[in-house]
Structure formats: structure tokens, C-alpha cells
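Two complexes, one shared chain (subunit A), two partners (subunit B, subunit C).
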Partner chain A sequence: MNKILIVEDEDALRLLYEEELAAEGYDVTTVRDAEGALDLLGRERFDLIVTDIRMPGRDGVELITQIVGLRKDIPIIINTAYQSYKDDFMTWAADAYVVKSSSLVELKARIKDLLAR
Partner chain B sequence: MIEPHPFLAPDLQSKEPKELALLSIVSQSFFQPFSVEDNLLVILTALTSGSGVGFNRAMLFLTDGDRLRGKMWLGPRSAEEAQSIWKILSTPGIAYIEIIEHNRSLLTLEADSLSRRIQPLEFSLTGDNLTVPVTALAKNEILLVRDASREMLIDPRFLQAIDVEEFLCVPLISQNEVLGEIVLDNAFSRQPIQPKDIKLAGLCGLLAANYIFTATLHRKMIGMERLAALGEMSMFIAHQILNPLAAIGGFTDQLLAGPADETKRRRNLEIIRREIQRLEKIIFELAHFLKVEPKTPAPFDPEPEIRAVLQALELKAAAEGRELTSLIDDRLPPILGDPTYFGEALRNLIINAFEASPPGGRVEVTAERKDATWVVVSVKDEGRGMPPEVRSKLFTPFISTKDRGMGLGLLYVKRVMDACGGTVEVESEAGRGTTFRLSFRTREEGRPNA
Partner chain C sequence: MTSPSELRKDPISGRWVIIATERSKRPDEFRSERWPPRRKPGAALFCPFCPGNEAKTPPEIYAVPGVGASPGGAGWRVRVVPNKFPALTRGETPIRNCRGLFESLDGIGVHEVIIESPDHDKDLPDLPPDHVRDILSACQSRFRSIETESQYAYIQLFKNKGPEAGASLSHPHSQIVATPIIPKRVKEEIFASERHFRRTGKCLFCRTLVEETEAGERIVRANGHFAAIAPFASRFPFEMRIFPRRHSPYFSAAAPEEIAALGEILQAVLSTLKSILDDPPFNIILHQGPHPARAREIWPDIDRIAHWYIEIIPVLIRIAGFEWGTGFYINPVVPEDAARFLRG
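Let's look at the complex of A and B:
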């Protein structure tokens, strides 16, 4: 069973992703911030990471970069409400960029693609 | 020894050469809150007044894309009028607004005869057979034209409009950008144009060109800043709205996908309801913020307003485990402002202070008369304080340190304070808490008899 790590600070979305991805047959772990993610990544191995980019000016993109730096060959999906980060070179290291919407179809499709590679 | 000097010396006109006085007045006008047109008017006035440079008439063309268009033509109707205008201009400590009013009325008077004659004129800046006045721009040279009717290289419509044999074309070019042209003549006095007048006209041309260039650049910059702020705002709102939308969509899809047990159905609906409320709050806050339109500041007694806000927030303080204390001078004079917005601004600051405070932390509200002019209301918290990078962006919209903040609260406070002629100051040190100080003008200020 593929293990997915979700980094998301919105409580409702963490719950939603956990349920929806578990229903797709993944083993899902969720954390609320990038620090929690870094901590877990040091101890466990995951097959894929889905992470939000938080508010600019706080820990923002740098923590994503740290996660990117930590991973060896784990695919990363950036899942955020910020369309504009798509062009930010800091996010190029991610394997996919999914802008949040009212539907999970795209996110699920990207996860499936990346795990099938 | 250190000795201060005014920019415009009162005795400059009587002792110094008139050229210096002229340049001094023209450059001074750039620092006044005039429109671009008004400033160009000052230059044209300087060029056409007897004691200034001494041309009789000055016409101004401005470029518009690849065309040069007639804009205004200033020409006193007599030498006496020119003299009187220059006298006003050279008066030490003159009210600039008066000069501009004078010039404007002059221009309106002349609109029938002079400006109206050149406003329909326009010349292409490109092409092979360039004629005067465009030639001066193409060559970037001041051109003195004599015996105009015998010259072939003058635009016939232009010659017909200006109707003199001798005139001077001064190109307005800055940073290789063609901005316009000033054309000068002595239609009334019939005096030949002197080399020294040409030099001064050239200087005025450089000043005018640089001024137009800077003014245009400034306008572009403000436009860009607005656009950037708008971009930032749309990005922020998109973010604030997409998160609740993603939750609403996701949990709705779960319900649509198939039968769910009652507990899950209820939970989903509750989440959806909550997220809808969140969206509502975002829209409300935005509308609330955009709606700040305080009335003309009027005197009111601040004490009951402060007490009302404190009383309303006591429950919140207790519920969140914060201590709310106050020290209100009971002999506060009336202050200038709008009581509704005053209360709202104070409320914003106190709620912020609650959020910044540690559990059990104390928020202290004080109000005191500082001096005859100011009453200061301050809100102090025992939070972590703010690092400089946060402090520098306090009043920038859509930047918030809170998870779900809109970044509008403090800007709201600032707008309220600006509207009543007051100020907002922040004192904050990392680890030592933050104090916001609102300074309000007292009713007495500026009205000793009130």
C-alpha cells in the first residue's frame, strides 16, 4: 500500500484528504505544518508528499524547499490556493502543482500518475 | 557656524540677476502641489513676462504618440499686462495659488484668440520631409527662424497660425524622449530675439522637459503601484476563498457519491455550513473595510465610547482568558472624530491585543490628555512584540500574521485616524509587548474661541 504524507494547515481539508485518499486505497498520514512534516520524514518513509504552501511571509516556500532537500526520490505535489507560485523557481522542484478547487479529481489523478511512474 | 537659509531668499529679485530670479521661481513651482499643466504655465509665464526673459508670446506643443499637438498659447495682450504678471511672480513669499489662478484666467481669456488657434494644429513626428516646428525636435536643437515667409521648410499651417517673421523653437526632449516644444516670439514689440534670451529660453526648455519627464514617470509609477496592490489583493482573496471552497466541494462530493451513515452526513453538513460562514465573514470584512467613510470630524466625548467598547469586550476577555484593565482620565476634553469609527478602531486594537497576548496576559487601555492639542488613547499588550519586518508592514493590506486574518484591521484603524486628523503610533519590542497609541485632536485645537 502506497504511503502518502499530507501537509495541510486547514483542519477541514486535512480530514477531507485523509478520508478521500484512504478510500482510494492509500495509507494516509496528515500533519498540519512543514515542521511536523520534516520531523516525520526523518523517521518514516513515504511514497508521495502532498503539501500546501502557507501564507507568504511566514515559513512559506522555504520549508517546501527543505522538504524537497530532505527527500531522496519521493515525488512531491504542491497543492495550494496560490496560483501565482506556479512560476516561482522554488517550486520547480515539485513534480506537480495543483491549485485547490472545489473538486479533488485533479489531485487524485496526479497522485495516481506519479505513483504509477 | 551653522546657518539656515530659505530656498527662495526674500531679496533675491532686487539684488540678483533676473535670470537667477526666473530660474528660482520656475524651480520653486515644481515643489508646489500643482498639476503638470499649471507648472508648464508657470514656465510659459516666466518666458513671456517683460522682466523675465521678455518674449511676447509662448506656445506649447506636447507630443501625443507620434504626433505633436498644440496645447496652449500664452500671450499677454500688452507689455503692461506682461509686466504686472511678472511682478506678482517675483513677489517674495507669493501665494502660488494666486499666480496659477491668474494664469488660468488669462488662458481662458486668451483661449478664443491664441490657444484656440493652435489647438487644432498637429504635426507628424515621423516622415521624410520634416518642417518647422518638428525640425527642432528631429535635430534636438533650438532653432531661430528669421524671415519666416521666405523659408520653404516651415509648415504653412503653423506659419499661418503664428503669423510672425521671427520666432524661436525650443525642443523639449529628456532622456531621448521627445516630449514637446515651446515656440516663442515678439509679435508685439517686434524686438529681435537676443542671444541671451535664447540661452535662457533653452534653460527653461530643459527645465520644462525634465519636469514633464519626471511627472509622467511619477504618474506611471503610481499606476503600477496600484496595479501591484490590486494583484496582491486578488491573490490574497483567491487564497482566502479557495480554502473554504475546497472543503465545501470535497465534503459535498462525498455526500453525492453515495449513501453515508447519519453521523457522517451530519458532520459533512456541519463542515459545509461552517465553511460557508467563513466565506460570509470574508465578504463581510472586505465590504466593511471598503465602506469606511467617516463623516467630517466633529467633537465628541470619548469617555462613554471607550467605556462602551471595554464593557462589550469584557466577556470576550474572560472567555479567552485575558485580563482587560483600563485607566481612563475622567476629565477628558471632547475630541475630533466620528464616534462610531472611533469605537470600531479601538475594538480592533483591543481584539488584536487579545490575540497577541499569552494566556492570562493583560491588555491595558489608557486614555489621557497629553497637552492642549492631543488626547492619547493607547492599547498595550504583553505579547511577544513584533520584529521589525512585521512592524514595517503593519498597515499594508492583505498581509497578516494570523492564519485566517485578512490583513485589513490595522489599515482600517489607520484610515479612521487619517480621516479625523489624528495619528496612530506603534511601539513594539520583541519579547516586551506592543503598544498602539491613537492621538486625537481636541476640540480646542485651531479654534481658540470654541
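Let's look at the complex of A and C:
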């Protein structure tokens, strides 16, 4: 079973992603911030990371550049409410950029694509 | 009483500028006025443009190979890749939708990134002129390719250096964006040139170059193919324009020897800019004619009235309410003084 780490500061969204992606057959772990993600990544192995950008503390762009600085082989999806971060070339550390919407169709499709690579 | 300022009109943009003539600022006065960096230095452990990270970019569409280069892998000198998360995406000619006053069309276009050097810390002022030539050749090759598709009405090459100039990454790079419409500022310049052409039978840009050469005091540097000037009505301190001497609307039509000469002059003026202003943030913008098929629908004489050139804008002052409201700019450095400092 593929292990997915979700980094999201909103409680309701963390719960939604956890339930929806678990229903797709993934082993889902959620954390609320970048610090929690880095701590967990030091101890556990994940097959894919989905991260928000605007979060308290370190933002998602800093988080993904740190992750890729350590390990380039984990697929990363940026999942944000904002289009504007596309202007930031540091987001190229991610493999996909999904703009949040009420439907998780695109997010699920990107997860499936990246895990199939 | 003598006025402490002078209003000057730029013949190309038609814009008026307030030049503070009473006490022109010196380059060292701008050194301490920098804005704080957006992100803490050292925060990034990864750069998507550095060698070894090629897999994090989309597959390259053009590369200037270095010694021992492998296609799609390391060893490159210059790389061009599509933007991974582009502002506009490729497509067919879009249909215009109009609802009353409100007009829209699909966001088709081209968005590419030129990774100018494998060295994260060596930007245009630090590179040898032949490397700058290779960057320009790569850009020219991409222009020629994009120009084969007439749905892209205008191609813009630009470079943002430094966070204050809009760069999100310090690794040297520039961008190409091709749009499905002719941008307003491009139209304004060509209309101004067309008016001049109807009146005089001459290209406005060629005439500007002749008059600037005669005046001499705003010439920064020149070679056989190009002249760099501090424009008469510069909006910003130490602003420059580099004009090709040979009349041509299109950068893509520049000959190899012109590209080499542009590499030489561009590197030289940027090197001086870096030295006198302590590595300032800046923007570089290439102006040229719109796609010939699209341009001729508006200007049948496009080949005679458009003239490509490069604009360099150091980002040293902020744009505020007066500038946004009026389109007037206030420049605290007299262009003749700027040219004198830039000549070194």
C-alpha cells in the first residue's frame, strides 16, 4: 500500500484528505505544519507528499526545497488555494501543482499519475 | 528662479518624466537603499536550475552544450525548458468572448525559461561575452521557432534579476512569454513610430539613434553593431536602451555577428552597472515587432516602422501613487550624469 504524507494546516481539510485518500486505498498520514513533516520524514518512508503552501511557520515552498535537498526521489504535489505561487521557480521542486477546489478529482489524478511513474 | 526639475518626453513611449536636475543622485547613494530579501539567505537547499537537477525541469527544448555534455543531462552551458507551471499554455488561435464591455479569450501562449549558466552564482555581468552570445543565440533560436506559429502575436523576452526585480530564484535565468494578443505598450510604441514615419518617412528608432549619437552625452557604450544609451527621458536611474544600428523589426533576424556584438555590449554595460551600483536588481526587456502576419493587419509598413531593441531597468526606486496615477515618473538621476557614470 502506497504511503502518502499530507501537510495541511486546516483541520477540516486534513480530515477530508485523510478520509478520501484512504478510501482510494492509500495509507495516509497527516501533519499540520512543515516542522511536523520534516520530523516525520526523518523517521518514516513515504511514497508521495502532498503539501499546502501557506502554513504557520515554514511555508510549503521552503518545506519542499528542504525535502528535495535531502531526497530527490519522493514525488511532491503542491496543493494550494493560490495560483500565484506558480511564479516562484522554487515550486519546481514539486512534481505537480494543484489548485485547491471542492472536488478532489484533480488531486487524486495527480497522485495516481505520480505513483505510477 | 531656476526650477529644480525638468519635464522630458520620451519620443518612443510618449511618456513624460520628471528629471530632478537640481541635484542628481550619485550611484553610491542607491547602495544603502536596498529592500530586505524576501526569503532568508540559505533557506533554500535546492535549486531546480542547477546541474544534477535536470529531472526536476521539463525536458529541454534547446541547449548549448558544454564540454562533455550529454543530451538532456549534465554538461550544458545554456538550457531552455518549457515553464513547468506556465502562465499560458500552448494552443490554437483562441476565440474572443465578448459580454457587453467585458472581453476575454483562452489563455493560450508559450512560456519558456532560459537557464543562462550552470553556475548558480554567475550572472550575465560575470559571464564572458561569448557565453552571453550563446544565451542570446538560444533565445533567438526559440524566437524563430515560436514565430512559425501565428497564433502567438507577440514574443517577449525578459529577465528579472534580484527579488526586488521579481526574481524568485537567484540562479541566472530569463524567460520568454508569447501572447495571443499584441500588448498595449507594444502597440503604443509602434503607433508612435508610425506617426513619425508618416511625418518624416523615417524610422523613429533609427532617428533616435542618430540624434543620440550626434548629442553624444547620453551614449554609454557603442560598437560596430549596437549603441547603448541612457535615454533622454529615462524613467529610472541608470536606465539604458541598446539599439541595433541596422534597422530591423525582429531580433530573430539579427545576424550571427550582431548577436556576438550584442553579447559584448550587454555584458559590458551590465558589468559596469554591477560595479557602480553594487550588484543592483534589474529587469531586461526585449522589444520587437509583433508577429508579421498579425502586425500587418494593423500596420502595413511594420517592416519600416518597428525596430527591435533592449531595455535595461535597474530597480533602485519604488513606483508609488503618483506614478501609478499619472503615468509620470520622477527620476532622481539626470540621464547625462547616468551615462557619464556608466561609461566608467
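One rule holds in what follows: the second predicted complex is superposed on the first by the 110 of 117 C-alpha atoms of A that agree within 3 Å, B and C clash if a C-alpha of one lies under 4 Å from a C-alpha of the other, contacts with A are read in each partner's own complex, and residues count from 1 in each chain.
Just so it is clear, contacts are C-beta pairs under 8 Å (C-beta built on N, C-alpha and C of every residue); 3 or more make two chains touch, one makes a residue touch a chain.
Values in this document were obtained by computation on a predicted structure and should not be read as measured data.
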Superposition on subunit A - do subunit B and subunit C clash or fit: clash
Touching partner for A:L16 - first (subunit B), second (subunit C), both, neither: first
Which superposed partner A:E35 touches (first subunit B, second subunit C, both, neither): neither
Which of subunit B and subunit C A:D27 touches, first, second, both or neither: neither
Touching partner for A:L104 - first (subunit B), second (subunit C), both, neither: first
First (subunit B), second (subunit C), both or neither touched by A:E44: neither
Greater residue coverage of subunit A in the superposed arrangement, subunit B or subunit C: B
Touching partner for A:A81 - first (subunit B), second (subunit C), both, neither: first
First, second, both or neither for A:D113, with subunit B first and subunit C second: neither
Colliding stretch - subunit B into subunit C, listed as 3-11, 21-29 or 381-389: 21-29
Complex contacts: residues of subunit A adjacent to subunit C: 62, 65-66, 68-70, 72, 86-93, 97
Residue ranges of subunit A touching subunit B (in the complex, touch as defined): 9-10, 12-13, 15-16, 19-20, 55, 57-58, 80-84, 99-104
Touching residues (chain side subunit C, partner subunit A) in the complex: 39, 43-46, 48-49, 53, 55-57, 84-87, 113, 168-169, 171, 173
Subunit A partner contacts - residues on subunit B that touch it in the complex: 235, 238-243, 245-254, 271, 274-275, 389, 393, 399-401, 403
